[in-house]
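Could you have a look at this structure, given as structure tokens, before my questions?
Just so it is clear, A, B, C and D label the chains in written order, and each chain counts residues from 1 on its own.
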Amino acid sequence: MIAAAFLIALGIYLACGLVFALPFVLVGAKRIDPHAAQGPWGFRLLIIPGVMALWPLLLRRWATGVKEPPEECNAHRRAARKGVAP
Amino acid sequence: MNDEFYIGWEAKAAPGIGKTLRKAVVCLLVLAVLVPVLLAMSQRMIGVSVFEWGAVKSFTGVLRTQPYPHLLVPRPGTNDYHTLQSVINSPASASAYHLVAPWKFGLDRASIATFDGKSVSLKGTLIYRGNQTMIEVMPDSIRATNTASTIGLPSVVPLGRQTLLGEIVDSKCFLGVMNPGHLTPHRACAIRCISGGVPPVLLVRQKDGPAIYLLLVSADGKPVNKQVLYSRA
Amino acid sequence: MIRPLRQRHRRVVIVLGVILPIAFAVGIAARKPVPGMTSLPKELVASPQTFAVTEWERTDLFAKTPIQVRLFRESVGGGRFAVEFSAAKDFVKPDLIVYWIAGNPNITETLPDNARLLGAFNSSVALPLSPDAASASGVLVLYSLADQKIVEVSKPFALQKP
Amino acid sequence: MGVEYVSVQWNRQKKFYDAVLVGGVAAFLVIFSVLTKVLFPRVTDEIMLIRAFGTGAFLLLHIILCIGPLCRLNPQFLPLLYNRRHAGVTCFLLGLIHAALVVITYHAGSDTNPILSIFVSSPINGSVSSVPFQPFGFFALIILFLMAATSHDFWLANLSAPVWKSLHMLVYVAYALLVLHVTFGVIQGEGSPLYVGTVALGLVTVLGLHITAARREVALDSESRLTPHASRPTESQSLVTSSPTEDEFVDACAVADISENRARIVCLSGERVAIFKYEGKISAVSNVCQHQNGPLGEGKIVSGCITCPWHGYQYQPDTGASPPPFVEKIPTFNVRVKNGRVFVHPKPNPAGTRAKPATIDGSSRREEAHSVTGNSESLVTLAATKK
């Protein structure tokens, strides 16, 4: 019973991902990452499985109008943002 | 100090790194050859069984639906051993072939009830192991023939209450559809097959001598698929 | 890798280093031997072995398949005969049964009427021959009932030395 | 990343890598299948393939897992790391074929949905030997899928390397699940001690290499903590392992400790800093490569650029920026050289900010030379005292 519910949820999630993936690889990818603008077909196909898996994240970036990939978060970058060194 | 440095996008690696790399590649290729040889050789579960997949043959005999559907096929030739000491010792005058449906299902007993005890012809694919024979019956291929049933029911010999140690297998897979088709790796499939009506068989392996196959039935000769599934031994 | 991930990596490695060997050892220790019996209850044993005397063993009776044939007798110089087969492990035919046919018949595709059923071909089970077989020579026929096909006919042989 | 994404950035090394990978996998599959068919002619072909692909994927995963610690222990293995992602994707594909064949063979055509059957057809009955093993494989495959699906550089950039790395560290969960999958699966049936021995050997190798490498990492960290200037009482900022001096610059190491075009690594502001020596200058940058967080301090200055040992990403040592057209940037650190010692300000500059390299001037060079002489003198003294 739990297993069936889990599998149905997984199926719906991936199906939504597939529906989202098509417009994303055609239009969305270059909106959130300028380097994807001229990506060849091979690249677009390669990222489809990942888009199906992580579509809520990409949908949020696309919807909020993010233009660049995020800057990574590590101790040095955090410390650097706090102020300028002498 | 060796100051060699590997950069993947350069055409060639530094000589020392290249040398290590060649050694590593040789080691990996040795692994890719040695491991499959050792693992393939030490497999112990694979037995001798056949599923004649794709070869459909015709069979005639008397169809019985109890306890599980089977076809009794008379053995030709004379048989004069009734004088021998016991019923078990005399060769049976007919062979019994288990009948199952395609995939993980047994034959639906209700749909073939009209043929019970009648001479029939049917088409199907042979499955066999040792002296056990099974037919995966082609759907809707069973036809009643005009010949009258000539085979009497085998006499029942009570052997008393016995304790046996063995493995419950789904007869279809174990007899040949899958090889190996038993023990833990096959457990899920056996559960599905027995759930689908394939006759459950207690396989009793002997230390010396052939394994014996015992069809599991209830005390009144009915199928016990569900009981087997829920006993979860 | 960044420092927090290196630390997480170390913790993961330590946890795995403890848990995995234990889980593996538990799994191996829990393995059950393949269920089997050293001997069946006597009520289930098909034929009490009454053929104590081995008359001969031959491997040349069947040309196509390597089958060893053993001839047994109930007692020295007397009693019924029985044959026992041992075939290569890989030899399997659908519903293989054994017949005895007296004389040196020319068998092509069908079983002649005088074929006498001995029983199912079963490695290491002795099949008794009828008493009248002892007096004449004959052949053993391996017949696949499911295939309705003669698998092999042995060379003619006599049970008793002339 | 500074250039447009392509499917695969092919080069000679990657082609060689993939040729060995594909050749090795093909050899494994063919040898296993042919030998099984020869030794056991009655085997069912699907099950033979299930076993070939399953064992192949499991062996490949072992090899992949050993590459990381091997490179930590000996940088000469770094070529194996360079294209490890292709090995990972191959491992996933082998596992996927194994799983598809399992579902078709053992679960399809029954009275239950074949995927659901993976979970409901192995009831728990309290016996350890019948722990359901197929769900372990299912979840391991999901993890391998996530990793394979996000293996393209697009995902590295869009998830950022630390997030990407944490996602890919799930491989250890997948490995644990697969060890359980094999232990409670095929090994419960296949009684040969060789099967037990092979898995045990794999387990010992993978865990042994990882624990050895991890211990060495701890040792490296403690080495920097034990340098004399760091043994002074530290500030509240516990992550700073070297304590700031009066003017906030930290005595990191001696100029002489650094080889030409190479770096020395210290820990400052919670992360490792790479201090490079090149062309008579000293520059310090964050040790973390933006591409995949590779250890830049273990890299080398090639054609004037710090080059990451993992995938060869490059940064100018003074600005921390990749040469155009690439756009990667890393934080830099202000440095001073005084009396033959390197002082680093623990506060990082924003990524890509130019920090003036400290020149190893004549005096410090002389001091360097002097310190060497001094050392030899003291050695002589020591020798004399011993006499």
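As a working rule, a contact is a pair of C-beta atoms (placed from the backbone, for glycine too) under 8 Å apart; a residue touches a chain by one contact, two chains touch by 3 or more.
Everything numeric in this text was worked out from a predicted model, so none of it was measured.
Participant: Identify the chain pair joined by the greatest number of C-beta pairs in contact.
Facilitator: So the pair of chains linked by the most contacts is B-D.
Participant: Which chain has its C-alpha centroid farthest away from the centroid of chain D?
Facilitator: C
Participant: How many angstrom between the C-alpha centroids of chain D and chain B?
Facilitator: Chain centres of chain B and chain D, defined by C-alpha means, are spaced 47 Å apart.
Participant: In whole angstrom, how far does the Cα centroid of chain A sit from the Cα centroid of chain D?
Facilitator: Computed from C-alpha means, the inter-chain centre distance equals 24 Å.
Participant: Per the centroid of Cα atoms for each chain, what is the distance between chain A and chain C, given in Å?
Facilitator: 62
Participant: Indicate the residues of chain C shared as contacts by at least two other chains.
Facilitator: Touching at least two other chains: 2-3, 34, 90, 92.
Participant: Hey, what residues on chain B touch two or more of the other chains?
Facilitator: 48-50, 183 - these are the residues of chain B that touch more than one other chain.
Participant: Which chain D residues reach two or more other chains?
Facilitator: Those would be 42, 129, 162, 184, 188, 191, 239, 270-271, 288, 293.
Participant: Touch graph across the chains, line, ring, star, complete or other?
Facilitator: Shape of the chain contacts: other, as it matches none of the listed patterns.
Participant: Can you list the chain B residues touching chain C in their complex?
Facilitator: 48-50, 52, 57, 59, 73, 75-81, 84, 88-89, 91, 93, 95, 97, 126, 128-131, 133, 159-160, 162-167, 183, 204-210, 212
Participant: So in the complex, the part of chain D that touches chain B is made up of which residues?
Facilitator: Counting only chain D, the residues touching chain B are 9, 11-14, 20, 23-25, 27-29, 31-32, 35-36, 39-40, 42-44, 46-47, 51-52, 55-56, 59, 63, 75-80, 82-83, 105-112, 117-118, 121-123, 125, 129-130, 133-134, 184-186, 188-192, 194-195, 198, 259, 261-262, 299-300, 302, 307, 309, 311-312.
Participant: Enumerate the contact residues on chain D facing chain C in the complex.
Facilitator: 41-42, 127-129, 131, 162, 165-166, 169, 172, 175-176, 179-180, 183-184, 187-188, 191, 196, 199-200, 203, 207, 210-211, 214, 217-218, 239, 267, 270-272, 288, 293, 295
Participant: For the complex, give me every residue of chain C touching chain B.
Facilitator: By the definition above, chain C touches chain B via 34-41, 43-44, 46-47, 89-97, 99, 111, 113-125, 127-128, 130, 145-147.
Participant: Quick one: in the complex, what on chain A touches chain C?
Facilitator: Residue list for chain A touching chain C: 74-75.
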